[in-house]
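Below is one structure, written out as structure tokens; the observations come after it.
Chains here go by letter, A, B and C, matching the order in which they are written, and residues are numbered from 1 within each.
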């Protein structure tokens, strides 16, 4: 009599064969079923993680098939170039349209990711149950969600032989990030620096982290802190290297944050909505993401907002493209991911998004576009492009990068719990 | 005689049985739906609350982990109390604000009743995110409202409403108003005018007529309004997140954090179970206290 | 008092006529004035939203500052197909969810308000729980349930969830209407040889109709506005709140204001239509309970 494991083993082999044709793929065989959530937790010991270490499934297998017809790309809002179609009047993405025209693959692009945590929370039940999520590309910032996706085998390991543009053009920090050595599971999409911002109309310039806790520099209830970034940010500025830090370092950062809180200058610990308060003038200074500030400064009509790279250092992070397990169109996904590493395409993106492109060669191309715009008579636009190209944070020098650091990679649940128990209470009432 | 309690009048046996069958029949569609799409998830929630594990180690397993409840509640009394008090203020605020309007529409709305009611609901067609963000603009430290007040010298220069309990409770009251207005209207509208006429005939003045007749008879509406505002407001997190600050966090925000940021799904589930059961307990006590469970006619017995 | 005085008070018809129009007093203006002020308060952020739909901002994201008037956003409002699709999804789902949740909740409210039966307390219990449950955990549990059942996530799952959380609200509203209702009316109708169904339809139903309508409106608004639960069970589909919430990361685009304005205006038009249609009914409106014996 077949035990349920044998049954599943048989089904799994059959599914592996049919993998290319069905969306469910071979995930079904990974020991899930009607057994309920509890048993459905895919522990590495139970039938192997999905897509990790499986002897019969390698990246070459996953990405070796023919190119599919469509690809489903989930991304953050305001994270791709947009233009208006002169004929239909519809907004579309030029870079994606060019991809569609060159490859014949239709792209379903959806701006459905608002936060790493909520998107992860949404995908997790499906991934855990071995179901396809419907997405072929997702974009996640490096952090615990990223780590969880990789460690649980919930994203496919990429076929590193199939990304020529990446191999040729990826900048160093994108080609081999510390949180994903060799970029085996992800490809950087955009990167940014968390620094500080101040409203020049309200206060005098600030320069160091301590200024954010100094009542003589900032009025009470006028400072914003970004919850998810602040532990690493503070550690960097206290001289602690987050990537090698331990609970002692974390406690040091926590102490600083508590002291800051006691001075009464902090208005709110934001998930991400600090921009509203900044433009409204409710905040005099804040932690900030570089791209946000530059956007409002150059394009948004708020030249009074100044980005400050703290003396102690900046916090570097990357948003990464990944292929979730169960993706129906992995080959097309990889092709699209690699597409963004063409310098001309990367330039199109960067002229729209104010963050660091992982692709080399965009600076020159932006300057070319600026010159072209000037010739056509769009001086204002040309100036803005030039400002983009000359922005030292979009094209950081090596020394600037040396003063930046990625954050602490939490590897285990115990570490994460300790981290959370130290830092979460600070932002709670 | 219209208001006399007829429900418990002795009736022939057969009719009672038929009544009960009708009752079960009525229960079936709505109840069935809730059974599948609410009780099953609640069971899943309860099941999850007793799991242990973590996202970084691959998942969660059912292990009768009652310590989740301890983790959920330790040190969290502040948030619970704050949520309860914010919700209470919300209920009082919405009921007080909505009652006069509901009264007027019910008694003097005439043929425009439904339209007026609909108009009260219109602002809520637009997403709560938009509404709350607009309030954020309006209440900005130097925005249209506060900026003017500061220029006139009515409030000091560093005064701000956002990031304080005022903004959060204000936002709660605003967002929950229709949940009070509708049930209040519905109950007030039901009141038989002749009772009031009768009171006037017995030389009552308007205040007495209101206090002794209208208000008690509107109690089912007050109860429903309280239920539909206090209960959900306690677990609400939106207003505190958008309009509030570090000192205004409610239990709903804590659940959000446990779930999203800390990914402690079992603890979040445990906290939710506690919140739910507490609310149910409080509501049942409240229901008993004002006797609405067993007919407000008890209260209507002047 | 004298017979004539008593007779004098009986002149007003016992229907929709306002009470006590005997003396003109300034205080009678208080309540209507208050109602108008309340409605203005409710509509204030909406007015801001409408105004900012004309904001001539230099960039693409809304700012608190008002720069000047422009019709640009109205010209471009249908340009983003994903936004218009999201609005369409939201409206359709809200209509269907309200249409289904209302009868389900009405029957439930009727049962709870009029009948005694074993397990009544338990049913009330469940309804209170449904109103009390925090959305994020309910949403996640619903998602888990759908995932286990291998249901495709999207339109249908959103609908199922919306109906589920609307039903208790409708039930409570209808129950508030039904409680304390005099059953002697229905009994009288049946004594007059009406079948129980006819008795219900002709006697009880008109009386509880306002409660049903109120429940319908609540269900519609609840569905249109929901974000948390929808976000979990929506799969790849986007509804308006989801689209808007995503856009708040770096500020709302003014097209959101424009579409919000459209939704609001559509609602106003609907309200006016119902007002006009009710004119035709005359001043009777719906029947009141007959005076007692």
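Just so we're on the same page, a residue touches a chain if its C-beta (ideal position, glycine included) is under 8 Å from a C-beta of that chain, and two chains touch if they have at least 3 such contacts.
Keep in mind it's a predicted model, so treat the numbers as computed, not measured.
Based on CA centres, what chain would you say lies at the far end from subunit C?
A
Chain pair with the most contact pairs?
Greatest count of contact pairs is found between chains B-C.
Please tell me the distance, in whole Å, between the geometric centres of subunit A and subunit C computed from their C-alpha atoms.
Chain centres of subunit A and subunit C, defined by C-alpha means, are spaced 39 Å apart.
At what distance in angstrom does the C-alpha mean of subunit C lie from that of subunit B?
15
Quick check: what residues of subunit B touch more than one other chain, meaning two or more?
44, 48, 133, 137, 140, 143, 259-260
Mind pulling the residue numbers of subunit A that touch at least two other chains?
36-37, 40, 118, 121, 273, 276, 280-281
Where in subunit C do residues touch two or more of the other chains?
As it turns out, subunit C has residues touching two or more other chains at 64, 140, 144, 245, 248.
Over in the complex, which subunit C residues touch subunit A? Could you list them?
57-61, 63-65, 67, 76, 78-82, 140, 143-144, 147-148, 150, 153, 231-232, 235-236, 238, 242-243, 245-251
Report the residues of subunit C in contact with subunit B in the complex, numbered from low to high.
Where subunit C meets subunit B, its residues are 6, 9, 12, 14, 16, 18-20, 31-32, 34-35, 38-39, 41-46, 48-49, 52, 64, 103-108, 110-111, 114-118, 121, 123-138, 140-142, 144-145, 160-161, 163-165, 167-169, 171-173, 175-177, 179-184, 196, 207, 210-211, 213-215, 217-218, 221, 224-225, 227, 240-241, 244-245, 248, 252, 256-257, 260, 263-264, 266-268, 270-272, 274-275, 278-279, 281-283, 285, 288-293.
List the residues on subunit B that touch subunit C in their complex, please.
1-4, 6-7, 19-20, 22-24, 26-31, 33-34, 37-42, 44-45, 48, 97-98, 100-101, 103-105, 107-108, 110-135, 137-138, 140, 143, 174, 177-179, 182-183, 185-187, 189-190, 192-194, 196-197, 200-201, 206, 217, 220-221, 223-224, 227-228, 231-232, 234-235, 237, 252, 255-256, 259-260, 265, 268-269, 272, 275-277, 279-280, 283-284, 287, 292-293, 295-297, 300
Taking the touch rule as given, give the residues of subunit A at its contact with subunit B in the complex, in rising order.
Answer in residue numbers: 36-44, 49, 115, 117-118, 120-121, 124, 128, 144, 147-148, 151-152, 219-221, 227-228, 261, 266-269, 271, 273, 276-277, 280-282, 410-413, 416-417, 420, 424-425, 427-429.
Residues of subunit B touching subunit A in their complex?
44, 47-48, 51, 53-62, 75, 78-79, 82, 133, 136-137, 140-143, 158, 160, 162-163, 241-242, 244-249, 253-254, 257, 259-264
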